[in-house]
Amino acid sequence: MSDVRTDELMAVLCARQIHDWERLAAGANSPIPAAGVRLAQELWAPNAREAGSGDVAPFIGAKEFTQLIQRGKVDLFFFSAVQLDRHGNMNLQYVDLPDGRRRRFQGAFAAPIYYYSAKRIVMFRTEHTPRFFVDQVDYVTASAASHPRLRRHGTLTDIITPLAVLRYNPEAAGIELASVHEGHTVAEVQAATGFSLPLADGFGTTVPPSEQELEALHGPVYDSMAGLYPQFVARMRSEEKVG
Amino acid sequence: MSDVRTDELMAVLCARQIHDWERLAAGANSPIPAAGVRLAQELWAPNAREAGSGDVAPFIGAKEFTQLIQRGKVDLFFFSAVQLDRHGNMNLQYVDLPDGRRRRFQGAFAAPIYYYSAKRIVMFRTEHTPRFFVDQVDYVTASAASHPRLRRHGTLTDIITPLAVLRYNPEAAGIELASVHEGHTVAEVQAATGFSLPLADGFGTTVPPSEQELEALHGPVYDSMAGLYPQFVARMRSEEKVG
Amino acid sequence: MAELYRSLAELAELVPDGTRLCLPKQYPFALLRELVRQGRRDLDIVAAPTGNFGVDFLVAAGAVRSVEAGAIHLNEYGFALNFNRAWEAGQVRFIESSCPIIEIGLHAGSAGLSFTPVPGLIGSDILRDRPDFLVVPDPYDPEVDVVLAPSIAPDVALIHGLRADPHGNVVCSIYNDERLVAQASTTVLATVEEVREDALDVLAFDEQVIPSIYFDALAVAPRGAHPLGAHGLYEDDHAALRIYVQAAKSAETMRNYVDRVVRGTADEAEYRRLAVEELSHV
Amino acid sequence: MAELYRSLAELAELVPDGTRLCLPKQYPFALLRELVRQGRRDLDIVAAPTGNFGVDFLVAAGAVRSVEAGAIHLNEYGFALNFNRAWEAGQVRFIESSCPIIEIGLHAGSAGLSFTPVPGLIGSDILRDRPDFLVVPDPYDPEVDVVLAPSIAPDVALIHGLRADPHGNVVCSIYNDERLVAQASTTVLATVEEVREDALDVLAFDEQVIPSIYFDALAVAPRGAHPLGAHGLYEDDHAALRIYVQAAKSAETMRNYVDRVVRGTADEAEYRRLAVEELSHV
């Protein structure tokens, strides 16, 4: 498990993806992007609205959010996956085992449609390993590529990990290294990635959390999350005191 | 306007279209089929359910009933029209004027889909005239015909008027005379119809309302309608007393 | 209160000339009047799925270029007199359709699809009037034909809610198509009778909540459905509707009506005063 | 009470072997147990749009031939152990899909359509696993391709309601897909926690009424969602769920679990007694 400082950095990086007035979805059981949403709402995006969360009344059934995203109204969706490859293909479903069998996960969920429907997809991953960043996924649940006969509202943009921010370059149809977090190196990130990572335009060091961001996180953001994510908040706050 | 005895006969004829456990729709502002529905529920179809009426909670929006009928679950739909022709084509939209202009009515409503989607369509008409029963409609809003490349759940069956019951014969793709009400003649019905009416198999005199049917109508049926159709019930009951 | 809340005039400004505008039957009539006050023109109306006073009124005020609807009428008052007159004079185009086609077309629009299959319709003259409807062999049953229709994804939807909470979650009755229309349209604007902290605490069996995430802006418009009623709050104002229907009998009397009732009132407060004095008893 | 109301055993008899059965996520677990007691086999499950304990349980009991789902899991307990084991052993077929495909496929089924366009999907390996999905030029924009998928119109839907009125109008939460599933399926059966005259008097903001016209038969099943919770009435019974997950770790322990908990109880009254004694605290 990543440490508290890294989790806070990742929450801040999630928050920085969010602009005011955007519609977004962070997925259930993901405290770090959830903290990011609340942080952005607290500091610079008071009118950003997360589907079925906080002050937004719930939809009728699962289909209604699907319609919203297919209609092109969801600006940002935080996704996860089992594998992601150099071309931005994602896999939620099957991993090939050394003995030739296939390991089954839970299923494709909504990825084969949502990955094409959100305006921006941000991948969020609490471990940065070559097991996740593979050269070629074992099963393409959804593809990031654009081609002339394919209609899509958007695609993968950034991948946030404990080491770095990676970015999908649609022209090159490939994943590049956008920034490395303080305390880590390009070589370390490359070693943890199963394919070769070109440096993105504007590559640099990840801008660390500002004091204002950390204050908001430690105050109103954790306060508002204590009901839904009590263990996460307790862990973050215990470290806050000792750290 | 037809007289009270005729209205009662027509309500009874509507009722006899309904079997127990059927799903049906009688349309708003149609007291005679509405009385028919309640009469059938009272006497032989206690489990017949009319959409959005009585004990059936309302749908969300107009679309939900459309889904029910398109799904093939509506057994019987009472329809009206501006014109009906010898082939069972119906017209709700435009009538050609002698000066070559077109008179516009209100629109097609749901007929271009529902006329194909209900299992049985019963037409209900308080006047029997050659203006309604025309040789060829001026505009085909919906067609009764079947052909091999057309998928439909059902089509027009009966047309109930103050003079007679007409019936659509799908083999002949034409309208025939099923029965003539007591006090009327075939010649009279033919004269009031704008195309030639063959006699249907089993042609005869319309079976008049039974005592049981009239008692139920005068008692529980009118009682239950007094809220929604006060003028209709008052008129039916005033005649009941003097008649 | 959330920044979503704006003035009625600001809402109207979000509906430019030439907008493809979707209207369910519980009209935000105050907002329609405001559009007329602002001189809006060339609206392409999608009625969900039929139109009555709200559509006929916008046509009478010269704000409408076309209407797509299953039907247009004045409820129990019969024909849509202004619409039919404008149609006969060639001043407004009617796009032939049917209620289920509009409903399922809006659904397809809400789901980001470019088209939808539609059942029935084969043999109807509507297919002659809608060359954009295609009859093709059913890809899953090539022995039969199926009609395809383009999806409907309006630019703007206008909704009137019974109440809302301060965050912009709006309560509507379930009898009309507010929800479908909000799902299908690019921009969604609503007026509401009132804003209350407890708006969502208790619903009736025939109420629903339209989540705030659908809305781009909201305005408070008490009695905003007048001269029609707002479900469960107030009834149709038949005295005012009869004045409307009477005026609708000729182009000239209707012009006078629009001038007096709408262009002659600077805002809705004035409209309500006029309505009390002249039209009926708001 | 309306004749719609029947016994739980009678409802189960309306689901023959080989039924294409649609299950939203608020399972009528008492009815699922009754299906197992009656030895039902060869069910083709459509999970709306994902499956958890209810689907995994029917698979463990040998009642299932195939599952069509966006995903199958055991909620916070992770993988669907029984389903995954049966799938690896080739005892159950998985029909690859995705939540939005199931949702829009059910919508198409509910509207009597044979197919529906689906956005996205191009480039996904799911297209290889679903030869019945067609990639065709968009008839309204031939420069791009669109995927077509067959509609989903299940034979039977099984729903669990929070309460119902004596006429058979059922109140559900809005969080799952009971409404869509009722619209799409040929036969619709529901169990409800209780029947009350005042069931529809007041709704919470997250409740809806499914009108009685959808239902072919209803049965009263108090605590009928156990071991899962019923929204707003009782929580998931984690003691019982942990016993389930523990049993699911091997085929043999799961067989014992099914024998003891379901085949070993003559009816739901016995199940509830067993649950109190052995499983947890129903």
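Residue numbering begins at 1 within each chain, and the chains themselves are lettered A, B, C and D in the order written.
Convention: a residue touches a chain if its C-beta (ideal position, glycine included) is under 8 Å from a C-beta of that chain, and two chains touch if they have at least 3 such contacts.
If you're wondering where the values come from, they're calculated on a predicted model, not measured in any experiment.
The minimal number of chain-to-chain contact steps leading from subunit A to subunit B is 2.
Centroids of subunit A and subunit C (each the mean of its C-alpha atoms) stand 40 Å apart.
Averaged C-alpha coordinates give centres for subunit B and subunit C that are 31 Å from one another. Shown for subunit C are the residues that touch two or more other chains, namely 104, 107, 111-113, 119, 138, 141, 146, 169, 179, 200, 205, 208-209. For subunit B, residues touching at least two other chains, in rising order: 57-60, 66, 70, 117. Contacts between chains, counted with the stated touch criterion, involve the pairs A-C, A-D, B-C, B-D, C-D. Note for the complex: subunit D touches subunit C at residues 104, 107-108, 111-117, 119, 134, 136, 138-141, 146, 148, 150, 169, 200-205, 207-209.
Those residues of subunit B whose C-beta lies close enough to touch subunit D in the complex are 23, 46-47, 49, 51-52, 55-60, 64, 66-68, 70-72, 117, 153. Within the complex formed with subunit D, the residues of subunit A that make contact are 29, 57-63, 66, 70, 89, 101, 104-117, 139-143, 145, 148-152.
By the touch rule above, subunit C contacts subunit B in their complex via residues 49-50, 69-73, 76, 79-80, 84, 87-88, 96-101, 103-104, 107, 118-126, 138, 141, 143-146, 174-180, 205-206, 208. Here subunit D touches subunit B in the complex through residues 2-4, 109-113, 153, 167, 169, 179, 183-184, 200, 208-214, going by the rule given at the top.
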